[in-house]
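For reference, the structure I am asking about is given below.
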Amino acid sequence: MAALTVRNLHKRFGTTEVLKGIDLTIENGEFTVLLGPSGCGKSTLLNVIAGLEAPTTGTIEIGDRVVNDIPPKDRDIAMVFQSYALYPSMTVRRNITFGMECRGVPRQRQDEAVKRVASLLQIDGLLERKPSQLSGGQRQRVAMGRALVRDPRLFLFDEPLSNLDALLRVDMRTEIKQLHRRISSTIVYVTHDQIEAMTMASRIAVMDRGLVQQFAPPDEVYNRPANLFVARFLGTPPMNTVRARLATEGDRLLALIGGAVRLALPAQPAAARPYVGREVFLGIRPECITDRGGDVGLAARMEGEVEISEPTGAETMVLLKVAGERMRARVAPDARLAIGQRSTFSVDTRTACLFDPETERLIA
Amino acid sequence: MASTLRASRWLIYAVLIGTALFMLMPLLVVVLNSFRTAVEIGRSSVIGWPTGFAWENYISAWGHYCIAQRCEGIKPYMWNSFALVIPATIISTLLGAIAGYSISLWRFRGDTTMYAIVVMGVFLPEQMKLIPWALVLRELGLNDTITALVLIHTVQGISFTTLFCRNYYVGIPQDLIKAAKVDGAGYFRIFWRIVMPLSPPILIVTVIWQFTGIWNDFLMGVTFTAGSQQPVTAALIAIATTAPTDVPQYGVQSAAVLLAALPTLLVYFLGGRYFLRGLTAGAVK
Amino acid sequence: MVVQRRKLLAGTAALAAFPGIARSQAVKPRVTFISQWSSGSDGAAITGLGKRFEQEGGIWQHSPVPGFTTDMMNKLRAEIIAGNPPAASQLKGPEIAVWSKIAPTVNIDPLVEAAGYEKLIPSELIDLHKPQGHWIALPMQVYRTTTLFMSRPAMKKVGVTKAPKTWAEFNEIATAMKGAGITPVANGGMRWDDGMRLEIALSGISCDAYRAAIMNLDPKAMKGPEMIEALVQARKFQKWMDPNTAAQHYSVHLPAFLKGDMGMLMMGGWAQGVIKNLGGNLDDVLITSVPQNEGKPVFVLNADSMIFWKRKEPDLTAGQQLLAKLMMQKDVQEQYSQTTGSIPVRTDVDLSGSKWTDGQREASAVLNESFKSKRVLLSLAHNMAQTNPITAAMIDVITEYVHNDKVTPEQAAAQLVTAVDNARG
Amino acid sequence: MRARLGRYLPLVIIWLPLLINAAHVVGFTAWTTWLSFTPSDLLPEYSWAGVRSYRAVLRTPSTEIAYINLLLYSVGFVGVSTVAGFVLAVLIDQRIRIENLLRTIYLYPLAVSFVVTGAVWSWLFNPGLGIEKFVRGLGWSSFHFDWIANRDYALWTIVIAAIWRGVGFAMALFLAGLRSIDPDLHKAAQIDGAGPWRYYLRIVLPGMAPVAISVLVIQLQYAIKTFDLVRAMTGGGPGISTTLPALVVYDFMFQRAQLGRGTASAVLLLLSLLVVLVPYYAYAHWRARKDKAHG
């Protein structure tokens, strides 16, 4: 049984349409991340799922019931907010029990629940404090605690980690992931942080301009982006997408960039055949372009001029100019590449993607 | 460098204290006069050090001075004012808080129009409303009662309290309200448990504002109450007005003014610290 | 309460003489009364009237309204709108006629007739109180606004022994006082004071001109030579007054006046009461009529009145009858006027007793004489001559003229005409 | 069904007081406007009289004086109290030791009724009773301060009293505005070498625009409604030199008992309020949209 089903959902604010027909089916126990740039509608979608906004058209089902007309409190959900939204006038304990208080849960059950959640999140010592006396990380835990204590069918997270500093964010990420594994709950998690999405999600819904662009497991989203948007959005730095001409050389498929560079592509998928002789977008991840020749199995070569070199320690990012197109490459930190230097790079084309220039969809 | 710094520091203090003295002047005059006799004031000026402490001005103003043929001073009128100010302040503040909360945090169809109309009420001149109120009170059968004044000040006060509370509540993060909704809290529970505990700064401002405004109202008080029911401003005016056939009583008048102003001054002195904080939140939006 | 029972019986017995009241024997007469509040002698006089009413067995429920006359009228209007008018309220002059149109009043003709009252009071006053041919209101007391108070110490300084008979003489004395370092005119600078000084000047120049210009609003008279002369005289007053007196009450100057630093005060008879309240000695003051160029006395009259509003309650109607009857009684009027320094409405009161002052006797004599020679005029500044809209419009012009030297007398006279036109419009 | 009830119950509860209030605003305003076209005098009368009352009001000299006075009074009172309020706020913001005391002193006039303060100021300005007499008593016998008795200056005494009452309020709003400025701005300005003058004029003042506009609007509507103060201080005198529109309304409505004209002048007063409010609402609307566009 699906935990959450969203069908043909539209949401309009006045004349602007924020959600333009969303369809999602999320299975029980799944950790779904809604990922997208700001303004893509991901937070609105979450609010509609929570019942904080009413959809213009379309249905939302949680479990097996349509919840369109059910107020948030009766949807069997819990939510964690970006600002944590801890009630400033209440202690941590009260913050956590407020929902139960609203539902009239007996005191004793409330206390037990608090104890359970507090030890789970290691906030036992903070229960009598006010939110203003907590650090950012502690507030985050309390906000989680408030959600956990409900033991809902569906958890909704609205960019919960974006107010934390980098170190803490990594820790919390791990914790949330562990938590998910332990309580095996269903989670819908909104973020604009790709690392969070990649590390935590069982499936990512990449959103842009009110539509789900791709809904798939992280590796698929990463390796087989459904369209140019996803390709250019995901990854730091994202996939290189350059205009190329498809040609055949025997049974081999070639991509020609600016006439000068010829890259051999691994196989010749049926889908690519109609595009032979036409211009397409060729997508290559930066890590597939290296300065070491030979040691990659199926490697094509190309010559490029180094424009910028950015060592980060573990690796060095290089901006190349290849036949008039700019491409990024991820090279070994010991590669000594001077600015302006022309050099030959090898390209692993096994994971290269082709996109239709008009529909921008993935061809192969 | 250090010396110019010190000089400018002195200058700042001089300006601030100079202004403070200007601000205090009327109060000082009233305080001093309240200890002087009418004869004394007539001989010199209203500005002057009392030659002796004429406490009788206070005793007279509080309990003996004849106002409207009742020689009980302003005391009974003070109680009338309290009986009117306290309910009117509380009710109008509460209703304004609820209205401001709804307008700012719930949104509903027509809320901006409604809000604009309500705020217009802040700007209506009082004189304009006198006769309409008389007609309304007739329909309600409330003429000559303190209830009538409570009603008038509550209805009129909602304009102001709604304005300030809305402006303040707009600053409350929407996420808090969402969180509470997910937690299962309804309209009133969110108001009482989440919004109210955040409200003291603005409530202090509205309470101070309403309290002083209603306490100092004269026009409505005199017109819609009678005799022993009148608020203290009516008594003050009675002491202060000089008909062609009367003699001004500066000393008693000063004492009465001070006594009648004590509640509002106290409210200001006690609440002043918070007043500043809430004021901008309420007024600037 | 117990004490008053016997008096109650006496009171109702007296009332039984009147038809229509006999039925109300069972109820205790009660009156609800709205007046402007006054801390001075006027207030005391009303209290005295109330005490008398209670002695006669009535219940006296008085709501004095603090503030200005307008505040009292707002109160009265609110009560009328609410359908709950007081049994009686203070109201004066032509406003009695105006207000009697907005709510039913009580016809007290039988009582007035029984008292033979109409023969005893000036006809100007009668008309004001029976606007539609019936008595609905009664005057409480009469003041003369044309009273001259002269400071005896100041007179001594300039060697004057007698009061001026004409404005020329007045101006002479004033000039002499000015020369001696005395402020000649001790009046205040409030609106009504400004207006009163013009009415004093005009009535002192020509009785007929006053009647034509102020009471009948004849445009020709309003621009006539007498009016111009009066305006010139009014500006002279202003020059002789304390230059700082604007918007001030005349009583501020009374101490200086009594000392002789100020010379002459043109004020209603009520100033006597105020001087007494201030602890002043009336022997220091010469009280007489203001100058009259025609050589014949004239009396500019200001009267406080009470109007009776229709009520159904038997106790209130009984109270109204009792109050009306009391107000016409000689002894009640005597007591009232002795308290305030005014003169009784009835012209048949003997003022020779020791409780009366020379000033009151003089004023009363002038009233009697003016009554006979038809030289009683109604005060403009005290809302006796015209309704409030017209009075206010005229005083606007006068007060501006008095304080603004740029306005010439001719311009002011012309402005008066347009103001009246506009106010009626 | 229950869900719907839950959603609409709050609406009912908040609408009720708001509706009553809105009805009083709209109803009273409409009623006043209607009466201004009737021949009402002592009591309302509901027959049509056209613009007769307006013509009469506009022909009355006190109307013209009142509006000229209002202009001078508004400029004087609002201008000075806003500027002085800002200066005081800046000075108080210099880490002054007795800040709390000063703030309370500047604010207390708000607590006292205009009727009372008007009376006290009229004593003080009264040459025979107040400052002039006092200074002369000190030995400076030629000292002159008789503005209140002089028809050309009397209005300014009212301006002074109004400033006395309003400056603390302006100061409070500005001070709170100053306190909400990011302290880093001050550091940045110091590093840029901006002195205190430049800092306040170039950086703080532009940031205070919303506060300044609130102050201006609040003070202006106070100015337009000013009534008690004048009534208690000068009664509109000397002559009618200090009358203001609200006094004219009161005068017609109650003193002269000409409701038609009184309501007509009240409508004029409301229109003059709109002159202030409409630009303000437009500005607020514009700012809200700008904020939304940026958020």
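Going in written order, the chains are labelled A, B, C and D, and every chain counts its residues from 1.
Heads up, the rule we're going with is that a contact is a pair of C-beta atoms (placed from the backbone, for glycine too) under 8 Å apart; a residue touches a chain by one contact, two chains touch by 3 or more.
None of the values given here were measured: they were computed from a predicted structure.
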item	value
Contact-richer chain pair (by C-beta pairs counted) among A-B and B-C	B-C
Most remote chain, CA-based centroid, reference being subunit C	A
Gap in Å, rounded to a whole number, between the CA centres of subunit B and subunit A	57
Distance between chain centroids, defined by C-alpha means - subunit C, subunit D (Å)	39
Contacts with 2+ other chains: residues of subunit C	74, 77, 81, 252
Where subunit D touches two or more other chains, by residue	6, 126, 129, 250, 254
Multi-chain contact sites of subunit B, meaning residues that touch two or more partners	130-131, 135, 186, 218, 237
Residue ranges of subunit C in contact with subunit B within the complex	34, 36-43, 46-47, 50, 61-68, 71, 74-75, 77-79, 81-84, 192, 249-252, 255, 268, 270, 273-274, 277-279, 340
Interface residues, subunit C side, partner subunit D - complex	70, 73-74, 77, 80-81, 98-99, 101-102, 189-191, 194, 242-248, 252-253, 388-389, 392-393, 396-397, 399-404, 415, 418-419, 422-423, 425
Residue ranges of subunit B in contact with subunit C within the complex	39, 42-43, 66-69, 130-131, 134-135, 137-138, 143-144, 218-219, 222-224, 226-227, 230, 234-235, 237-239, 241-249
Sites on subunit B touched by subunit D in the complex	9, 12-13, 15-17, 19-20, 22-27, 29-30, 41, 44-48, 95, 98-99, 102-103, 106, 108, 114, 116-118, 120-132, 135, 155-156, 158-159, 162, 186-188, 212, 215-216, 218, 233, 236-237, 240, 250, 253, 257, 260-261, 264-265, 267-269, 272-273, 275-277, 279-280, 283-285
Subunit D to subunit B touching residues, read off their complex	6, 9-11, 13-14, 17-18, 20-22, 24-29, 31-32, 44, 84, 87-88, 91-92, 94, 96, 100, 102-117, 119-121, 123-124, 126, 129-131, 133-134, 137, 164, 167-168, 172-173, 175-177, 180, 210-211, 214, 218, 221, 225, 227-228, 232, 246, 249-250, 253-254, 259, 262-263, 266, 269-270, 273, 277, 281, 284
